[in-house]
Structure formats: C-alpha cells, structure tokens
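Shared between the two complexes below is subunit A, which pairs with subunit B and subunit C, respectively.
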Partner chain A sequence: MTNYLIRRIIQMMLVVLLAALFTYFLFNISPGGPLAGIQQQQQRLTREDLARLRAQYELDLYWPFRFSRWLIGLPNGPITIGGRDLFANTAVGCYLPRDEQIVIQDGQRVVTPAGCDQYVYLADIPELHPAIRSSNGILRGDFGRSTVIRTGQPVWGEMMTRLPATLELMLISTFLSFLIGIPIGIYSAIKQYSRFDYTFTTISFIGSAMPTFFFGLMLILVFTVFPNLLQDQFPWLPKLPPGSRLAVRPYAVAEWLPRVQPGTGMDRFLHLLMPVGVLTFFYMATWSRFVRSSMLEVMRQDYVRTARAKGLVEKVVIVKHALRNALIPFVTVAVLTIPGFFSGAIITETVFAWPGMGRLYYEALNRSDWPIALAFIFITAVLTVFATLLGDILYTVVDPRIKYT
Partner chain B sequence: MTTAAQSVTLKGLAQEEKTESQARIIFRRFRRHRLAVISLILVSLIFLVSLLAPVLTPFERDAIDLSSKSRPGPPGTIDMEGRTHYLGVDHLGRDLFTRVLYAARVSMSIAVLVVLISETFGALVGAIAGYYGGLVDLAISRVIEFMLTIPSLPLLLILSAIFLRSDTVLPLPGFLSRFLSALLLAPEREVQKVVMLVLVLVFFGWLSAARLMRGMALSLSKQDFVEALRAAGASDARIIFRHIIPNGIAPILVSASLALGGVIVTESALSFLGLGVQDPTPTWGNMLATSQSYMFQHPWLPLVPGVFLVIVSIGFNFIGDGLRDALDPRLKR
Partner chain C sequence: MNNTAPPGSEPNILLDVKDLKTYFYTEDGVVQAVNGVDFAIREGQVMGLVGESGCGKSVTSLSIMRLLGGSGKIVEGEVWLRDRNLATLPEEEMVKLRGGALSMIFQQPTSCLNPIFRVGDQVAEVLIQHQGMTKEQAWNRAVEMLARVGIPDAGRRAKSFPHEISGGQAQRVMIAMALSCLPDLLIADEPTTALDVTIQAQILELMRRMQTEMGTTILLITHDLGVIAEMCDHVAVMYAGLIVEYTDVNTLFEDPLHPYTEGLMAAIPVLGDVRDSLAVIPGTVPDLINLPPGCKFAPRCPYAREVCSQEAPPLIEAKPGHKVRCWILHPQTSAQWAGYTKTDWRFTGEEVFAQPAAATGGTDVS
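Presenting the complex of A and B:
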C-alpha cells in the first residue's frame, strides 16, 4: 500500500505539472493578454514605454522561465554557489525586441519580430523583477497578482471573496441531489420495470441530457419573466430574483407577502432557489441513474439470492445485503464532486450572474486575466487528482477484497 | 411428391424465419424502445428541415427587415411585401424562423463532423493500442488517462477562447472550404471559425471511443481467430481494419449516438458563453445568448432555439439508449 501510494502521488504530481505546463503554454501562444488593448489603442507609446509595460507583466522573459517563475518562483537571480554567481550571463528573455518588420503580402501588412536589441540576463532579474511585485511561485502558495479584473491585487484574495458563494451553491445542490437522487435510484432498482421506475428513469434521462443553460433560462422565464409580464392579470404570482446572490434594495416577491430586505436570510434563500434548482436537477439525475444501475448489478449477485433463499425478510435482504454493497462504487464516485466545490458551475453561475468561482474564471478568460485563470486551472487540477486518489483509497476501505500493490 | 415438395418449401420457410438478418433483429429490438423511436422521428424531422432550410423559408439568413415596427418582433409579424415572420424577428430584424433553421444546419453539421472525426480517430487509436499492446498501449493509455484527469470544461473554454479569437487562418484546401460552406450554408469566411471549433471539440471527443475500442481490441487480439489470421499471414493493418474494428464497432455506435447529443450541448454551451461560433453565423447557442438580453420583454425569444436544442439533445440520448438495448447481444429476445 505504501509503495502504491508513493507511486500514485508521483504520478499525480506529474499530471498536475503537465496540465499546468499545457495551460501555461496555451495562454502563452494565445492572442490578447494584458497588453493587447494597449498596443492597439496607443500608437504613440515609445519603445521604452512598451518595454517597461512588458516587463511589468514579465512578458520580457521567455515563456519557459516565466512558467518556472510562476510555478516555483525561480529563477529569481543568478544561482549563487560558494559566493560565485553562476549563469549570470545566460539570456532568459528579451527586454527590447527589435522593431518589427512590416512585410506587405497581398496588400496585407504582416508584422514579424526580427530579433532582440537588449537581452535580459539572469543577473538582471533582481533589478527588473523585484520580489515585491512578482509571484513567489504557485507551489509556495503565492498565486500572483491579477492583471485585469483586480489589477495588482493578489489572485488568492480575489478567489477567497468568490469562494463562499460557490461553496454555498455547490454544497447545497450536491447535498440535495444526494438526498433526492439516492432514494430514487434505490427504489427504482427494487421496483425495476414498475411505473415508478419508468417515470423516474425518464426524468433522470431528461435531467442529464438537458442543457443547464437552457434549463436555467426556462426557470427565469417561468419564475421571473412571466410573473412580471402578467402582473396586471395575476398580481398574486410570485416573482423570484433572476440573478446575483444578494439584492441591493428591498423587493417584493408577491403582493401578499412582506417585502424582502436585502442581505437577510430570506433574500439569500430566494436568490439560491433557481441556481440550486438547476444544479440539483442535473446532479440528481446523474446520481439516481448511478445508484439504480449499481443496485441492479448487486441484486443479480448470488449472495443476494442466498440471502433470500435462507428466508430473510425482503427488507433485510435489500438494506443489509444489497444496499451496503451497492453503495461501494457510489462512495468512490461521490468524492469526485470535491473539485466542484472549488471550481463551481461555470455555466449555471454565468446564467444566474452568481458571483462564484466559475463566473470568475469565465470573466478571467473573457478579459484575458491569465493569472486568475491559471490559478483556477491549477487548483482544480490538484483537487481533481487528489479526489481520484481519495476515491481509490476509499475503495480499499469500503471493499476489503480490493488491495493495491 | 407433393408432400416432399411441400416439406421442402416448409423447411425453406422455417429456415428463413430462423436466419432473420442481423439488421432486422436490431431494428425489431430498437422499435421496442418507444421513446427512442419517437426521438428518432423528431430528430430526423429536424435533420430534414435543416437540410431543406433554404427551400422552406423565403427570407435570407442575414436579411434585415426594416419595416417591422418592433425589434425583436412577435411571431406573426408581417413585412412590407406581405410575407409572414412565423416566429417573429430578432433584435436586428432578422427572421427567426429562417435563422433557427440555418442554426440547425450549423449545429447538426458541427455535431456530425465532430463525432465522425473523433469516433473514427478514437477507434483507430484504441484499436492500435489494444492490438499491439506493450509500450504502444502504455503510451496511448497514459495520454488518455491524463486527458481524462484534467478538468475538461475549463480547458475547452481556454482552447476555444484562444483559437476562436485569434486571427490565425487555417490553411484549408479550397475544396474543403467550399464543401463546408455549402454544408453550413454560410459564406466561406465564416467556415474558418467553425472548423476551429470542430477541432477543439475533437480534441476532447476521441477519448471515450479510444477507451472502448482499446478494451475490445485487447480481448479480441487474444482470441483464436486473430491468431489464425496471423498464422495465415494477414498483415497487421488488415487484421485491425477488417477484423478488430468491425468486431468492436457496436459499442462505438452507441457511444457515437450519445456523443452527438453531448457535442450539440457542448457546442451550444460554448457559443452561449460567447466562446464558440459567433454571430452572424447562427447556432442555437449564440441565438440563446442574444435572446438572454431581450427575454424580459420578449419571452418567446429563448424558446425558439431552446426547444430545438432540447429535442435534439434528449433525442440523441434516447436513440443511444435504444441502440444500446438493440445491439446488446446478451438480450436475445
């Protein structure tokens, strides 16, 4: 087991490293970035201004060095061994790229970089990129600073302001979906091919195939738009707030109800209803299908037949023999929801303007705030591999037949 | 004499009944899944309608009707020439019925292209991994495992954000570009973005097919008939293409039909988030996205593309379910 764990953890680190490298590379080749707007708008910027701006975002370094600075905070200067600076003259970037050539191709102007006038050497880094401004490396717990959304502010702080909203949304909907989905799955399996089974299998099917963004829009239509439009004919129809997490000013859900004050528990609850509804329906569908099929699998086993044959009450057969075994795969899959508690639900959060992590990531992508997007991907990847490992370990706990070597 | 002849014909009849062709068995079993049959009919209808899009509507895809009083306009708005906008017009005064049909064409084409490419590629890679085993298998399996571990939606968003926003032009051969332009009923310059989106979706799409086919190929390659083929001097390529892949195709078919629904939803989600196909090329996703800003006054706007999207997405899932039942050799009924 120890050997297995060590091997797995090394594999995990490799996967996370590769994922980080891959995303970093993608961001590196992508157009946009923090300087895209500036370069287009301000033609009057001198080369030196531009170089200073580039240096501010560490864009003067070559991307493998930038990556390693982002990951572990190194290189942060020449390597000093025994009082001697090594590699001080190694070029790690280009401070002043040479004027780009403009080539006319079929009447189109093509800009190509043509070399470098002033290189950045390892010895220059402490001066050009003082430790105060740049990241100490994500592995040392420093996630860098936001470039667009909260310019200059630490990414970690921004994420911490968003995390509570996502936790609230995901914990509640995951809990509810377990609460509803598992019993439905069990009952469907016990009464296979009954009307109950058919109804709920079909509903689960629809739930997992239904695009969440459309379902979200439908809920907004039914609970916000129609009551608003039909206000004159049906003033008693309740209206739910369609977006955000808290209201700004008092609002009325329906005529016959007291006005809701912003920031109160009622306000929170009303804002939660629709996004939680969408996610719960979606997850519930997945869980009930999973539990049903795993339960059906177990009911076919010989030991269940034996339990019946020796005359046990059906209830005991199902609860003590079938259910306990059916929940084994469930436990190991349920831990895979862990990364979701951090990363949230990108689409649902966007539809309901929910100020959570998923929406932060979406904004970061849209506005080219790479440090935030990178931190999001990195943490999600770490949590995902961690959850996978946890699931595999739990498997040995709940099912002693399985042993890893 | 007569009895002999009769018995011969009777025998023949009995024989015919027994050797019901494989396709007919599958069809008979599929027919039993009522929801799958209904889905198949509905999805085929939408398919047909999207094929006939230019014939079914008098309007051009991007034509703006300046006469309509309100934009967006309600269903049944009549323009200056007396033509009816059956589903109304959008915020720019473009006919919604026309756009939703053209969007069907774009969304369906993307889904079919993605699934076709990724299932073929996945099956091929999986078959090679499973058949050769050893280091090849190890390398391919690790790549698949790695890609399944990393969170796919955030990466999908990055990929489309990067490729669809860049100005890089893919070097598409002229005939392909013309073919796609005819397929999507869109001008050739819009084809570029669609091709990029297809490639982005394929990037994550081939994994399940590869895994399925690898498993099948692994067990098939150990069977006697493959050994016999090798002894008879059949080349590896022949064994893979003529024997391994055809024998493992059933689960791939099921996964393909489920994937069609999945790809349509993913593509719509990307377009909905503004990271997929952009206006003026209509897709259900970007129509939904624009409708979001107007739905408070014009609630029918999201319903138009949404209903199509839901029918197709749920439909493909039911069809896949029906196919799974029909192709399952364990159910000999």
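Presenting the complex of A and C:
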C-alpha cells in the first residue's frame, strides 16, 4: 500500500503538472487575452504604450518563462552563484516586438521580417517585473493577482470570498440529490418495469437530458416572471428572487408571507430554492440512474440467488447482500463530486447570478482574467486527482477483492 | 407414481412433484420451460435429473425452491414436501423452509458466494437465520461445518473472502452452508460442472459421504451421465420440459427404453473403443416458445412415425418401476414398431430427417 501510494502521488504530481502546462499553453495561443479590448478601444496607442501595457501583464516574456514564473515564481532575475550572475544576457522575452513590414521602395517590395527591436534579458526582470508585483508561483501558494475582475487584488482572496457561496450551493444540492436519488434508484431496480420504475426513469431521463440553463430559465419564468405579472389577480402566488444570494432591501414574496428582511434565514432560503432545485434535479437524475443500473446488475448475480436460497427475507437480501455490492461502484464515483464543491456549477451559478466560484470562472473567461481562470483550473485539477486517489483508496475499504501493492 | 393416492400417505416419499408446469413470460412469448413434470424422491435417496442444456432441469429445481425470479411462474402442478405443497405455500413460509429443510447448491460456486463477506460469516448467516444462534455460536458451528466438508485449517479459512479460495473449496463452502441446518432435501444443480475433473471427483465423494453421514435426500441435477452412474439411486431423464424416462440407475444404463436416453448412452465415449466419430443425437432442442405438436423428441428421433408428430405420448409404466414417455412402448401403438431395428446413433448430415424410422444399421431388436 505504501509503495502504491508513493507511486500514485508521483503520478498525480505529473498529471497536475501536465494539466497546468497544457492549460497555460492553450490560454497562451487562444485569441483575445487581456490586451484585446484595450487595443480595440484605443486605436492611437503608440508602440511604447502598448509595450508598457504588455509588460504589465508579463506578456513581454516568452510563454515558457511566464509559465515557470506563474508556477514556481522563477526566474525572477539572473541566477546568482558565488556572487556571479549567470545567464544574465539570456533573452527571455521581447519588450518591443516588430510585425512583418512590407514597404514599396523604388518599385520594389522590401520585406522586413517580424522580429524584436528590444529583447528582455534575464537581468532586466527584477527591474521590469519587481518581486512586489510578481507571483511567488502557484506551487508556493501564491495565485497571483487578478488582472481584470478585481484588478491588482490577490486571486486567492477573491476566490475565498466566493467559496462559501459555492460550498453552500453544492453541498446542499449534492446531499439532497443523494438523499432522493439513491432510494429512487434502489426502488426502481427492485421493482423493475413497474409503474414507479417507468415514472422515475422517465423523470431521470428528462433531468439528465435537459440543460440546466434551460431548466433554470423555466423556473425563473414560472416563479418570478409569471407571479410578477399575475400577482395583482392572484396575490397568493409566490414570487421568488430570481438571482443573487442575498437581497439588499426587504421584499414581498406572497400575501401569506411577511416581507422578507435581507440577510435573514428566510432570505437565504428563498434565494437558494431555485438554484438548489435545478442542481438537485440534475444530480438526482444522474445518481438514481447510476444506482438503478448498478443495483440491477447486482440483483442478477448468483450470490443474490444464494442469499435467497439461504432463506433470508427479501429485505435482508436486498439491503445486506445486494445493496452493499451495488454501492461499491457508487462510492468511488461519488467521491468525484469533491472537485465540484470547489468549482461549483458554472452554468447554474451564472443563470441565477449566484456569487460563487463557477460564476467567477465564467466571468474570468469572458473578460480574459487569466490568473483567476488558471488558478481555478489548477485547483480543480489538483482536487480531481486527489478525489480519484481517495476513490481508489475507498475501493480497498469497501471491496475486499481489491488490494494495491 | 402414486398420482391417485393422497399426498403423504406413503411415509417414505419426501418430495413428490406432480404435473409441474413452469412458464416464463418474456417479450418473445411464453417459454414453456417445464411442461408437466412428475417425479418423487424417497427419503434418504439420491435422485438424478439428467438432460441437456435448456431442457428445464434447473427451472424444475428453482420451481421447487420457488426462486424463479420476476418473469417465471409456476402455472400448474403441485410440489409436496412431506405434507406441504410448496407450489402454493405463502412466501413467508417458504422463506423459513429455504436454507432450513430445503437447501440448494449451484453450478458456479465462486460466483454464488457474496464477494464482500467472509466465507465463515456466510455459512454462519444461515445458522443465525434458521436456528437463532448468536453470532459467536454460529461462527463456531460454521467453522465446524467447514472442517467437516474437508476444508483444511477451517478456523483460518473461514476468515477468507470468496476470491481467496479455489472453486473446489468454494463448492465445499456452499455444501457446508447448505447442510448446516440438516436439510431434508438438498438440491444440487450441476454442482461439479464448473470444476475440473479431479475436484469433481472430490466433491462427489464429499456429497456421498455427507449423504451417508447425515441421511440427506438429494436431488442431483446434471447433464453428466457419469455423475449419475456414480451418485444416484433413481434417475429421471428430462427433455424439453418433460420427464421422458424414469427408473432406477442400473436399469437406465442396462436397458434404456426411450430413444433419447438411448442416444445419450450411445454418445458416451467408451474407454478403449476407438471410433472415427462419436455418436450424436442429430438436431437441437426444440424452441420452448413454439414447441412441436406431439412428442417433443419426434423431430430428432430416428424411429419417429406419423403418430409421434400428431399426439404427445403419456408417461406410462412400461416395466415395473420403469416409466417412459414413448409411443414405441405404449401398448396401443407399439405394434407399429414391431420388429424395428435399433440405430447405432452415428449419423452424418440430415439423414434422420430425410428418412424417419429407417434402419441405419445396428443391432436387431426382437
């Protein structure tokens, strides 16, 4: 087991590193970026202005160096060994890039190839990118600073203000979906092809097939837009807040409920209803289908017949002999919800303006706030590999057949 | 069989199956897996139920246990275990019988044990369920039973999980589990089919030993006539959901009456007898959804005459204690086969279907 764990942890580090490298590379080659907007708005920027702006986002450095600085905070200047600077004259970037230029001169096309008018050398880094403005590297716990959404503010702090909202939303919906989905799955499997089974497999099918944004919008339509129009005639119709986590001023829901004060438990509850409803429905559909098929698989096994042949009552056969086996794959898949507690539900949070991680990521992508987007992906990747490891370890706990060496 | 006598009137009959019909209701139609099976087992005897795959042997045993699952249903017939009709017994009563008076072992011993429980606990579970033992008592008794079925170092082995023991050991565990409550009847559904030959012999030896020690009545289901010869007192041969021949084991091997049994016997390779090809019964088992009219074996029978495909023969007592379901031996129709010759069951191609009842060589039966 120890050997296995050591091997797994080395593999995990490799996977995270590769994931980080790929995401960084992809962000680097993708069009747009933090400068795209500025360039469009301000046509008259001089080359020097642009260079200064580029340097602000570290875009003057070549991307492998930028990646390394983002990951571990190095290089942050020439390497000093025994009082001597090494590689000080190595070019690590280009401060003033030059596009390809074609000039007609004496009827001749003169092509000046793209190149660099002023390189950035390793020795320039402390001056161009002083330590105070640079990240120590994500591996050392410094997630850098937001460039657009909270310009100049640490990414970590911004994420921490968002995390409680996401945790609240995800924990409640995951818990509820387990609570509803698992029993439905079990019962559907036991009563396969019954009316109950048909009803709930249909509902589950709808739940997992319907996009959350659509279901979310439908809920807003039914519980906010319609009551808004109809409350004059039907004052008992409840009108739910369509978004955000807390209200700013008191609001009325329905005639049978006193005005809700912002920040109270009732206020939180009402705001949670719709996003939790959407997510619970969606997850419940997945879990009930998973448990149903897993249970059906197990109910066919010979040992379930043996359990019946032993004279055990049906309840014991199902709960002790079938369910325990059916939950083995479930447990290991269920731990994969852990990264979701951090990353949230991107679409649902966006639809309901929920101030959580998912929405932060969505905004970061939309507005090219790379440090936030990269930190989000990096942490999700780390959590995912850890959840996978946890799942594999749990396997050995729940299934005696599995041992790692 | 004592079809007319009231059940239980003969004290030494333990299990009496009468006209059992079990059908499976599937999307393709009604599968008539067991189509009117009659047999009886006397106390302390070993009865064999033999037949090829899909003839309804296992369904018969599962019907006795009432473990048919969702789509299977006993549509007709009675299954008397002493004075109780298992076919109509309420499920609550049935639960008490299973594992207690009535127990069963299966074909794939390894997959029949629950992979996540220790084998000792699985044996102990029966004792807790039926004899109300405490966990500790049951465990000790389970270890005792495991030792008795020949598992070496039973105390330690009882703590193993099913994947840690071999197939033969798993079958021993299953036998220990099945016998731990001293059942009246043990149903063994192909208990040695999944095991290799040496282990087969050991398991059969064990079953015979336990049978003599505990006096358990056994219903042994197999497709292996060798196992039948070694283990059984009486044999019922099944074909397409029906018993076609029923007699004691010696008579069956010496004087098989039904053409199907005859074919089965001919198909056994004989040691030292060098042949170019083995004897076969041509064709395949009929589709249990669309059963042929008349005798179910007629399409494959080299002796078949017109009557065979028109009317189903009844099970008659052709000789004392020897029942057979065949028109050849039926008093009303046997005249049609006067002086027919028996085949040696070596066919090539479609000849049986081409020339029904033709003498293809072999010995003259007078």
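The definition used in the following text is that the second predicted complex is superposed on the first by the 386 of 405 C-alpha atoms of A that agree within 3 Å, B and C clash if a C-alpha of one lies under 4 Å from a C-alpha of the other, contacts with A are read in each partner's own complex, and residues count from 1 in each chain.
One rule holds in what follows: a contact is a pair of C-beta atoms (placed from the backbone, for glycine too) under 8 Å apart; a residue touches a chain by one contact, two chains touch by 3 or more.
What you see is a predicted model, and the numbers here were worked out from it, not measured in a lab.
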item	value
First (subunit B), second (subunit C), both or neither touched by A:82	neither
Subunit B versus subunit C, judged by how many residues of subunit A each one touches	B
First, second, both or neither for A:141, with subunit B first and subunit C second	neither
Partner chain in contact with A:324 - subunit B first, subunit C second, else both or neither	second
Touching partner for A:152 - first (subunit B), second (subunit C), both, neither	neither
Partner chain(s) touched by A:302 [first = subunit B, second = subunit C, both, neither]	second
Which of subunit B and subunit C A:347 touches, first, second, both or neither	first
List of subunit A residues in touch with subunit B within their complex	15, 18-19, 22-23, 26-27, 29-32, 202, 205-206, 208-211, 213-214, 217-218, 220-221, 224-226, 228-229, 339, 343, 346-347, 350-351, 361-362, 365-366, 373, 376-377, 380-381, 384-385, 388
Residue ranges of subunit B touching subunit A (in the complex, touch as defined)	35, 146, 149-151, 153-155, 157-159, 161-162, 165-167, 261, 265, 268-269, 272-275, 288, 291-292, 295-296, 299, 302-303, 306, 309-310, 313-314, 316-318, 321
Residue numbers on subunit A that touch subunit C, as the complex places them	192, 301-303, 305-313, 321, 324-325, 328, 398-401
Residue ranges of subunit C in contact with subunit A within the complex	65, 67, 70, 95-100, 103-104, 106, 108, 111-116, 125-126, 129-130, 161, 163, 174, 177
